[in-house]
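The two complexes that follow have chain A in common; it is paired with chain B in the first and with chain C in the second.
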Partner chain A sequence: MSITLDFNGKNLAKSKTLDLHYLPAKIDGDGEANVEQYFNNYTREATDYGSGVFTNALRGYPLMGQRLKVPEGFKGLVLQETEKPLSESSDRQLRLTGVFEEFTYWNYDKVPSNGDAYRQALIMSDVAQALAQPINEQDLEAEIARNKENTKTSP
Partner chain B sequence: MSKKTTRGSKPKPDPDAEAAGKKSTATALKKVLFVAEKALPQDKDEQKLRLERFFHPGQNKEALFMTHDNVQIMELLEYAEPRRSWLVNSEVCSNGKIYMTAPLDPTLLAVHHLRKHCGQRAMSLDNIAVDEPSTSRLLNEIINPDSLKCVADVKKSGDLSFYKFNQERTLAWLALKTRQVVGVLKEKNVHCGHSAQSQNFVRSEKLAAETASTNEMDYTRMACDIVGRYLDSDLHEKLTSYLHITSEIQAIVEEKAASQKRKSKAGQEGGGETKKIKLNDNDASAKLKSSGLVDSDTDHNTSITSPTAAPPLKERSLTAKEKALAKGAKGTKSIASFFKVK
Partner chain C sequence: MSDNEDMEIKQENETIEDIDEKEDKLEEEDITETNKITSLKTLGPFIASKENSKNTVYLSDVPAVCKDKPCMLGVDEAGRGPVLGPMVYGIAYCPLESKKALEDLGCADSKQLTEEKRDIIFNDINTKDYATSCIGWAVEIISPNTISTSMYRRSKCSLNEVSMDSAMGLIQQAIDAGVNISEVYVDTVGPPEKYQEKLLKRFPTFKITVAKKADSTYPIVSAASICAKVTRDHALKVWNFPEGLVIKDNAFGSGYPGDPVTKRFLAEHIDVVFGFPRLVRFSWSTAENALADKAFDMEFDEPDTEKPKYAGTKLTKFFKGTTKSGEVIREECRFFKQRHLANVIDF
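Right after this comes the complex of A and B.
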């Protein structure tokens, strides 16, 4: 079984840019909502908390947000599955809905900071990069030799 | 009258509910991804990205990986918080996860298969796991055979290459990988101790310098755990002993002992104040408690003995003023005498 991301370079270049909000709430449901009128309309810049901090509210709960760029070297994509798979083992396809470079990150009643789980999770990407870095063969030989030395001298 | 009420309570078809039902079938779940730019198909590239399942040794089951053009393979990480969702343009998306690609050395995935099949004898890659399509695809189409030199002995005969798993090389290779990870953790100032620390507090430079020297082992342990996520558990254990990493519990005990030593030193310099000694005592019992060397019964004993040890200190600390008071009080009736049982 494999899943194909059904787009090529051309589709990607032509795709529309989306406006995304990352909300700190679980919403049970998908579908249309009047975001422009009832949400975006109430976004205010709150300079008291620093530059680039926005405030809004969701059902009366205060939100504090910030425009964030997609991490460097990455592109944000939104994909959608148009056809439900007939069975578990059948091949599936995901269609491209749009792309984004920036999104608004919202916290519930807290100014976004480096303490947010989201920002800390991004460190993992650098860690993975380091882990994937290939090892030079000379270094490997040196390490093997060094380890042999150590085991000889220690007992 | 009664007829009217029944008519009124008749459930009306809710237009909203019907519309919502229709919509949820029309708009299937959306997914938000961060995909590495260099992996995305370029302008004239007709190749499409694929998500495939390969065996993930750390999770001991298959996991999704993103492949492109049979050359690149990336891990698909999932970032999820308990309560998150997206607004995409004018739509609500209940799936509040972010799927993120992370670079991956496919050799890590191959190690599991080489250990399993080529531990005793050398085999050519197309003979390994012929009955598992995803494994043979990984070994034959995705992995660069040259990279396997780091974890296996390669024997060539004519055009054919045979691979035999080499544990010594693998461990050395993994140790170097771990060191690379340590480098990044240090660079990013990731806190690696066993105790949690808030990012909100600004640490003083003095403290930072002090911890930097002591927690080299903490960094290595964390890095080793990260590398271990891609390994079979027994291989992870071997790597841990190869790197001479002490277990975390032992580290906690050692650190407590070290801090106690520091404190008692400071106490001697300060002229041995009674308060400091007392603190030390508490610390020792806390250490014993945390180390699990003492079970709760004996722990209880130590807490009883510490107050009995305190009185002699109290006597010593009688000041001149108190002595004068005691002198003045001589001959007068003690207040306690009024409350004696007759």
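Right after this comes the complex of A and C.
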């Protein structure tokens, strides 16, 4: 099985920016939605909680949200599969629907904070960078020298 | 009701229409001022100018005598049961000695009055000198959006709590506006004792009476009831859907779950993702059931906040390291677990 991502740098640059919402609910269905009239129309800034916090509701459930940027050095992509694979072993093709630099993150009745699972998960990008970044000779020597220094001074 | 009274109402209706026509001309001149309710005619435009997903409070001018002389204040609500539209809380107040004005207005049990009669009394309260000189009123329109989101909070806030907060908020606003309150009469559907206790705690200096069907016993409660009911009816009439729906004459029925017009409205206006327009109270079981059948299933993150009580480490925990066939189960690293990260091969 192989997965083809059907786009290149050129159509990445040209593709449209999408307005996205990260919702705290699992919706059991696919398709278009009247986001503008049924949702965006009701987004209000909740000044009680400081600037940049928004309120809205989904099916009567209160939401509190915030605009978030994708981490630095990353780009947000929305990919769609037009044909469902027939079997697990068949090849798959994903097409580019659009890109995003920002999106609105919503919590169910909770002010967004660093404790949110989403933000906790993103710490992984820092860890991954630290683990994968190449280390050059000079940095390595400097680190060794520092360690030696430390063992000398400590009794 | 005798035929005689019927006739009288009809005549009054005609005079109202005459007044309305005159006001029409006036309004054209001073381009609809929507910040003030000065008659029945100005009620609709006032409500329409406000956001219908939020609560709106309106206080009439306080008559000068209400600041000097001790007053009675009545509290009642309208639109508690319906699955559609706002719930409205109303208060009305006047000096203890001005009972006569209430009687002249014809304040009686608002549910016994016809819609026309209520409209006439509401108009009189705001236009007739004998009323405006001694009777003041206020309403809070509690939006259906607020009702749903309050009832669906993580720590649920019942409709009773929403109601009491609104009632106490309105009384407080009347105090702040300078009304010299001495007696308070409240209509309630629930048990009166608890409610009375709560009100006395907050307003210990007033003589407070909470009673069932107070709107038919105390004319001042009846006046409050009329203000609330007329406001609720108008709020539905001028409801403007931010969702872009257009319903002819806003004919969605009484809003009571049993009303066939309301039933049809609910059945025909389901959005598979968002459910209903926010005219609907999502927290009503009628609405929930309609969505369970026709809309996409939706499951919220941690809808229940109740956590199981910690009862210490389970003895069986120590035997959980292997499967029956003897394979070793490795527990996920805490760093990944806490961050909700896992290996994914299929997606």
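The criterion applied here is as follows: the second predicted complex is superposed on the first by the 131 of 155 C-alpha atoms of A that agree within 3 Å, B and C clash if a C-alpha of one lies under 4 Å from a C-alpha of the other, contacts with A are read in each partner's own complex, and residues count from 1 in each chain.
Assume contacts are C-beta pairs under 8 Å (C-beta built on N, C-alpha and C of every residue); 3 or more make two chains touch, one makes a residue touch a chain.
Note that the structure is predicted; figures quoted are calculated from it, not measured.
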Under the stated touch criterion, name the partner, chain B or chain C, that contacts more residues in chain A.
B
Can A:E81 be said to touch chain B (first), chain C (second), both, or neither?
first
Of the two partner chains, chain B (first) and chain C (second), which one does A:I27 touch, if any: first, second, both, or neither?
both
Under the stated touch criterion, which partner chain does A:L12 make contact with: chain B (first), chain C (second), both, or neither?
first
Quick one: is A:S125 in contact with chain B, with chain C, with both, or with neither? Answer first, second, both or neither.
first
Go through the superposed model and pick first if A:Y42 touches only chain B, second if only chain C, both, or neither.
second
Look at A:A117 in the shared chain and tell me whether it touches chain B only, chain C only, both, or neither; answer first, second, both or neither.
both
Which chain A residues are contacted by chain C in one complex and by chain B in the other?
24-29, 31, 33-34, 39, 117, 120-121, 123-124
Chain B residues touching chain A in their complex are 20, 23-24, 27-38, 40-53, 64, 75, 77, 79, 81-94, 96, 100-105, 108, 147, 149-150, 168-169, 171-173, 175-177, 180-181, 183-185, 188, 190, 198-200, 226-227, 230, 242
For the complex, which residues does chain A have touching chain C?
24-29, 31, 33-34, 37-39, 41-42, 44, 57-62, 88, 107-110, 117, 120-121, 123-124
Taking the complex as given, what residues does chain A use to touch chain B?
1-10, 12-13, 18-36, 39, 70-71, 73-82, 84, 94, 97-98, 113-115, 117-118, 120-121, 123-135, 137, 139-140, 143-144, 147
Residues of chain C touching chain A in the complex:
53-54, 145, 148-149, 151-154, 242-244, 271-275, 277-278, 281-283, 287, 291, 296-303, 338-341, 346
